[in-house]
Every structure is written in C-alpha cells, then in structure tokens.
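Some notes on the structure that comes next.
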C-alpha cells in the first residue's frame, strides 16, 4: 500500500481545499442556520466536476480514482459536512449504479446530466418501516403495459429537496414479498413523484433531506436500471463505495474538529496559561489526532484496494465504522475543549457535533458494520 | 571564472538574484533561500577565499548612482543614495558619480552637486526624455563599459527594478534587489548587499565576488540624504554615447495615478481588521474608527474571502503595502502573507486574544484581548472626546 | 498566438514557519504552490488563447518536484509543459536562471510571440528574471502589466509605475511581467487535474538538451553569492499588555495621545 500521497493527490487535495476555503467555509454557518442548500456554490462545484468525480470523462465526469475521490470528499466535508454528504451520496450511491448497471442510452440520458451536476441524484431506499432492514420495504412497482406504476413513500432522502434524478428501490414481485427488488431512475418532474417538506434535522441541515412519495407514478421501461429483480444486487454494489464516501465525509468533520480545537486551545487562557499547556487537553488533542490519522489510513487502504479492483468490503466497513465513530468522538472532545464557548454558535464546533452524529447511523449503522466485519472474519 | 564560496554551511543558501535559487539543489538540507550543500558537496566546490586580481587593464573603480529625478520633491531615493554612495566611495578612496539621463536636465546636475556628488555625468538628449528601459540600458551600458565603476546603485523604484536587472544582464554582472543596508568589506574591496527574503522574515547578505560592477537597487527611505549645500562643487561630464531609442515599445500615454482622496497607501493612520473580529458587523466598526482618527481601513485575505469588505482594502503579498504613521491591526494573527504589507508602518499596535500570535513580534504595542471588545470601547471613548 | 509562461514553484509562505535557531524552513506540512503572480500570468495566457487561439507552453527551472507546478498548469489549460532540470542548474542566481530559461525558449519552434512571467516571486522577491530573460532574448519588455490588449501586430498594455499609469504599444515578440490585479485565476476542474497527470505530458530538458556548458549555469554561472542569512534585528519595541478590555482600551488611547494622533484631553 502506498502510504505517501502521490503528487497528483497532493495537488487535488490542495486544489479542493482552496476552493472549499474560499467558497464553502464562508457559507457553511448560514447553510446550517437557515437549513438552506447553497445553490450558487453548488453550481460552481458542478462546473468544476464535483458531481462527476469518479465518472469517466467520456460521460462528462472527472474520472478520478477512489483514493483521489476520498480526498475530495474529505476536504469538502471539512468545510461543510452537509455539502460533503451531498456529493458523497450523489457520486457513490446515486451516479455509481447508473454507471455500473445502466445501458448506454440510460448513461446518456441520466449519467451525463448527473456528472455535469445538472441533475443531482438521490438513492431512495429507506422507508418508515425499513431502515437497517432494507428488505422489508413496501414500495411497489407494478407492471403496466410497457412501464411500471410505482407506489410508496421514502423518507430521509439525502439531496431530496434539490434532486433531479431519484433512484427508487421497489418491489417488483409482490407475490414473493421480500425477494425481488428493482431499481428505477425516476425524474423529479415525473407525475406522481412528490417531495415532502425538508426534514428538521439535528445536523447536516444544509442538506435538503426530505421524504419522497410515489403516488401512482408511472415510469417507462427505459427507466428500469438493469433488469427486474436486480435491485438488491444494485443496492449491495453501492455499499463499498458508499462506505468509503461516508467514511471520508466523517473524516473531514473530524479533521475540522481537530483544527478548531488546536486553535482554540492555544488562544484560550485560564489559570495564567494557555489551556493547550494543560496535560488533560494535550491528551485530548493527541488522542484525537491519532484516531484521525488511523481513520485516514483505513480509508486509504479501502480506496487503494478498490482502485486495484480487489475485494474491499471488510476494509470499507472498517473505514466507515472507525471514521464515523472518530468524528463523533472528535466532536465531543472538541466541544469539551472549547468549554462554554463551544456550546454557543459563535464557534463552529457545535455544528460539527451535530453533523457528526448521523455518520454513525446512515449508510449502514455502526452495528451493521460490526456484523459485516465479524462475518468476514469467520469461515462461515 | 571560478566562483568563491564561504565555507560556513549555514550560509550556503541563496536566493534568485543573489545566489543559488530557492529550492534548487541536488542534495543537502534546505535552507530558506536554497539548499545547504552537504559536507561532501561543499568540499567538492569549496575554493579558498582569495581576492583575485582582475586581468590587467580592467581596473574598476568608483561608485555610481543612477540619478532618478522624476517626482523630484517626493522621490528622495537618489539623494539618499548619493549620501550613502559618498560614504562608500570614501571607504574605497574613489569618486562618487551620479549618472543623469534625460532631456533639458541641467538643473538636476546642479541639485546633485549640491547634495554631495563628486562627479555628475550628464547625457542630455531628446530621445531620453521619457524613462524607457531599453533605450536607457543601451546608453548606460556603454558608459559603464567605458568608465568601469566598481559599484553601481539605483533606487528600487518601479523603473529601477525594471531597468537595473536588464542592465545587469547586458553587463553580465550580479544584482541584488531592494537592499536595506550596504557596507564595504575593505580588505576584499567588496560591497556587502543586505536584502530582505521571504517577505522580510529574513535578511541575506550578498556579495558579487568577481563580476563588475557590483549592482544593487536600494529600498527608498533606508539612507539619509545630505543637506543641500550651495557651495558644493563637482565635475560635470558630458560623455559621448550612441543613443538609439527603442522603437519596439512606444509610450502612448502617461497619466499620474489617480490618488484617491484618502487612499490606503497615502493614509497616515491605517486600521486593519482580521478574521478575529468575528463578523462583518464587527468589521464595520473600523470605518467609524478610521473616520474619527483620520485614517483608512485595511483588511486581510480571510476577511476579503468572507465578503466583509472589498478587495481593494487587501494588504499584504497579494494586496497593498502601506507605510502609515500608525497602524492598528486587530484580530489578525500575523501571517507572513499579510505582514509583508505592513512592515513599513512607523508604529504598529496589535490586538489579538492569543498572546502567542506572531503579530505581536512585529508590534510596538501589543494588547492581549478580544479585538472587537477593545475597539468598541475605544470607539465609545473617541465618540465622547471628538 | 504562441505564448510561453515562465512559472516557479515556491513554498506557500503563509504556512511557513521559520526555525530561527537552525535557520531553516520548517517544511513539515508546507505546501509548494505555483508562485501567485505566475498563476496570474498563466491566467492571462489562457485569456489570450481564448480570444486569439494558439498554444501555451509552460516552463519552469527547478528540481524534480517542480513538476507538480507544471502539472497544475497543464490542468489549468496549458498545452505543453517543460521542466528544465539538471543537477548543474542548482545554486543559480537570476543571471544563470535567465540563461537557462532563455536557452530553452530559443529552442522552441516557432519562437513564441509572447512570453509572460509573474513580476516577482514570493520567496526571492527580486523580480529580475523577467527583464533578464528579455535581455537575453533581445525582446522588448514591459514589467508590472495590469492590462493586456491585442491589436493588429502589437500589444497594448497598461502599467502602474512610480505614480504613473502608462500605456504602451509593444511589438511582437515581446516579454511582459504581470502584476496583481490583472485577473483572478479560475478554479481548476477536477477532471482536468486528472488528465494533467497522465504520462508524457511533461518534457524534461537538462544541460544536454539545452546545449549549455556547466560554467554558464547554476552556481558556476552565477555572479552573486549569499554569505550570511539571519533574522532581522527586532526594531519593534514589542511591548505586550494584558488586562481587562477597559484597561486595554485606556492603554490604546494613551498610545494614540503619545503619538499625537489624539490631543491630550481632560475628558474621561
């Protein structure tokens, strides 16, 4: 495994950081306060290919490898967790299946606009009664002539409020409940697709998360991704990449906590000295930095394996698990270091605290990640 | 041409224009201005420090100063250089000559005589009316080659910094930029040129061991001019030179730069706000403060990026340099990128809540506290007084 | 229009910490970037190419890792990148540097119409290489340009110099150095960065390719030598005061009075 960043990755990191510092950092607090997606910044990002990170140039994407991709997500998330979440989900979980499983005509119709950021993507899986237990979804897709009629409701759809294309996970074989799933690419304008009000969430408030309801929504056959019954396979295929994406997103938040804490600890004076000179604080910072370094290396390992087309389910699960828990931990300790001021909105640490928590939940809860890892250790 | 080298490893570094260029080097430890050569490499290159006699017939002597008389009453650098040039010339037992090019410039010859020149060399011709780089290089290089001064100085005006490097290249000699000190090493008859590096974080002493003349542009305001003396005399020379005006660059128009009333660079008092002020609203406070103190408002890059004020107020490496009587810098940590723009201030007062902030190292008075609070209190008090 | 842009890779100074005891830069975690004014020069070239068509070649003289700067330039839109690198180039002052770069430019076929450089670098600050290149290549020069317009067979440029705004007409080929304010460099799309790192996009030329003698370049080809590097003596008084905001504000007022910015007043 290559430990040192290659020249290209160093330049990518620097380029993204520069953009994030200039455009996202100044917007992040307001995004959170108003729970508003920054449309203008997103447009600029689209022009710079942030919505087509791993998609090949042939389809208007940037064609980055996985290691570089992880770096981009991390740096964007450091500036704004909500925006990092947006592009991570859009790239790893929404655009990726279209690339992997789409026919050429579908790639042209759907993938290219996604890569250009003209249409932001979602992956609609979760339902009121189906979270970790994905197979218990109730949304149906019934054959109707040459198309399908979709009915059901999806909740907590990341990017929902601004999406142009939505991947809907539905049952196409109701008589054999829980066994045959399919994925449909449904345009937001399509009749029968309704978006609900933006969720009022603890964190990631700049991401327009909302419910999406399908009410006799008729979609043509061309919108079926791959074939009927391939839905579970498609969903599972996104897991590894999705974990790397969310892991990187969590890492970005953790890194932001670390940098904020170092700065604060050196500015704050109590009992005649900087709090950075107290052993307790030094211990906090040391542990935080070490864990972050470990998380970064786990992500690097998973993404390096991915780039070499080697199996990486265990490694990506480890990366997601560790990075998300590191982020929550870093936010908690970071806020503690900030003391009373950390509890106020004058400092960004409380936003990091609120943003970090969900990383342990979505894209596979920490509990699920542990099961995945444990199973991979055993002979079966 | 063998070059000489000091054997002290810590001084192996150099910077473009003054020695080895930054970052270049195949081995050894990096120093801010280049690569410190490893022991083996040093031994390979080391030659004894010997003052080599110049080939017979090439005797270089005398201190020259380029007489930039534009904006004569505001731009005093030539007069400052005449004073310093004199001092250097005395140490070398040589003459100090001021070189003046232009059209109808006799009065400047008189002025420079009064300010201490031993010799004034005048080239008066209509083609030289406007300061033009290539035209001047052609004329001056001939004079240098004929008269062979060992030292040639010019003010680090914008023109000087464009003209002197080209001239140095034509003469195939060394040039250091924007010197803040000049001394003579009499034993080796060398000019020691001190220039700032890394935006002023460090100073480098540079020599031109072999090539002649030893050229340097000098930062205005470093040296002190001599008082005008009507009794002073000098030899005034009118040397013959070929004058060929540069045709490839035509001056279409020249207008005095719009000095905005109360522009940043003219202000006596400058108040700079950094990100530490906390918000755009807090930053606005500086405008009233500046108005009450008769000054202007400046900003650091993070402030500009956050949209708290316009880019024209940016100070530093990619912004403006200011030299006010008083500069108050509030909520700025003191990044080099910013501080290079404020070195010239007479008095610097810094306000920052981190006592270890680098800004305090370059402040005359440092106040450790919350910038916004301190300044609002100041504002309150000023409103009452004024 | 064929344009050559000369760039330099420099340390990202805001992040530099100087280890004053050992007189070295703390390079840990310090990025190397394209010198900001060189980036502006490249941006000017990109603007000109957009209007006039043509080709942009980017050059740098530096150690192997300077390649990173060239790759970034390619990503921004340069067509060709050449790294002038050779152990013999090490230790060069601007005299020797301009010799090497001029030699490389002379080899270009066709000879460029325009050479653009940043006015000065943030590490060396001399601003010499541009004029010295122009001299070596016998080209007209204008330094510190703030506006560039192309006319029939000539460039019209503006320059702020010593209190004057000058407008010049310069014939081709020419060399210009650019100042802050000429443009704001665009952000680079990530796909272009990816493309820039493909093999074979950066040429490498050394002593051999440039047909130069060792004594003309590097340390041997330099006229100046640095003999001492040191911290400037602290001219500032560096008086530091802590206390309540009230105390600090009073201290500030007292200082303003002592500087005659405020009058001595019995109010308050």
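Residue numbering begins at 1 within each chain, and the chains themselves are lettered A, B and C in the order written.
What we mean here is this: contacts are C-beta pairs under 8 Å (C-beta built on N, C-alpha and C of every residue); 3 or more make two chains touch, one makes a residue touch a chain.
All of these numbers come straight from a predicted model, not from anything done at the bench.
**Student:** Can you name the chain that lies farthest from subunit C, using the mean of each chain's Cα atoms as its centre?
**Tutor:** Chain centre farthest from subunit C's centre: A.
**Student:** Have a look at B-C versus A-B and report the one with more C-beta pairs in contact.
**Tutor:** Greater number of contacting C-beta pairs: B-C.
**Student:** CA centre of subunit A versus CA centre of subunit C: separation in Å?
**Tutor:** 39
**Student:** Quick check: how many Å separate the C-alpha centres of subunit A and subunit B?
**Tutor:** 52
**Student:** Averaging only over C-alpha atoms, locate the centres of subunit B and subunit C and give their separation in whole Å.
**Tutor:** The answer is 17 Å.
**Student:** Residues of subunit B touching 2+ other chains?
**Tutor:** Answer for subunit B, listing residues that touch two or more other chains: 355.
**Student:** Enumerate the residues of subunit A that touch no fewer than two other chains.
**Tutor:** Residues of subunit A touching two or more partner chains: there are none.
**Student:** So in the complex, which bits of subunit C are touching subunit B?
**Tutor:** 8-11, 13-14, 16, 18, 23-25, 27, 32, 36, 61-63, 66, 87, 89-95, 97-98, 121-132, 134-136, 140-144, 156, 160-171, 174, 180, 215, 218-220, 222-232, 234, 236-246, 248-249, 251-253, 255-256, 259, 261-262, 265, 267-268
**Student:** Write out the stretch or stretches of subunit B touching subunit C in their complex.
**Tutor:** Going by the criterion above, the answer is residues 1, 3-6, 10-26, 29-36, 45, 70-71, 74-75, 133-134, 137, 157-159, 161-163, 165-166, 168-170, 172-178, 192, 196-211, 246-259, 269, 293-294, 317-319, 325-326, 328, 335-338, 347-349, 351, 355, 360-370, 373-374, 377-378, 381-382, 384-385.
**Student:** Okay, in this complex, where on subunit B does subunit A touch?
**Tutor:** Per the stated touch rule, the residues are 278, 305-307, 353-356.
**Student:** Mind pulling up the subunit A residues that touch subunit B in the complex?
**Tutor:** For subunit A paired with subunit B, touching residues are 21-22, 25-26, 266-267, 269, 274, 346.
**Student:** Touching subunit A in the complex: which residues of subunit C?
**Tutor:** Residue positions touching the partner: 31, 33, 65, 67-68, 71-72, 75, 187-191, 193-195, 197.
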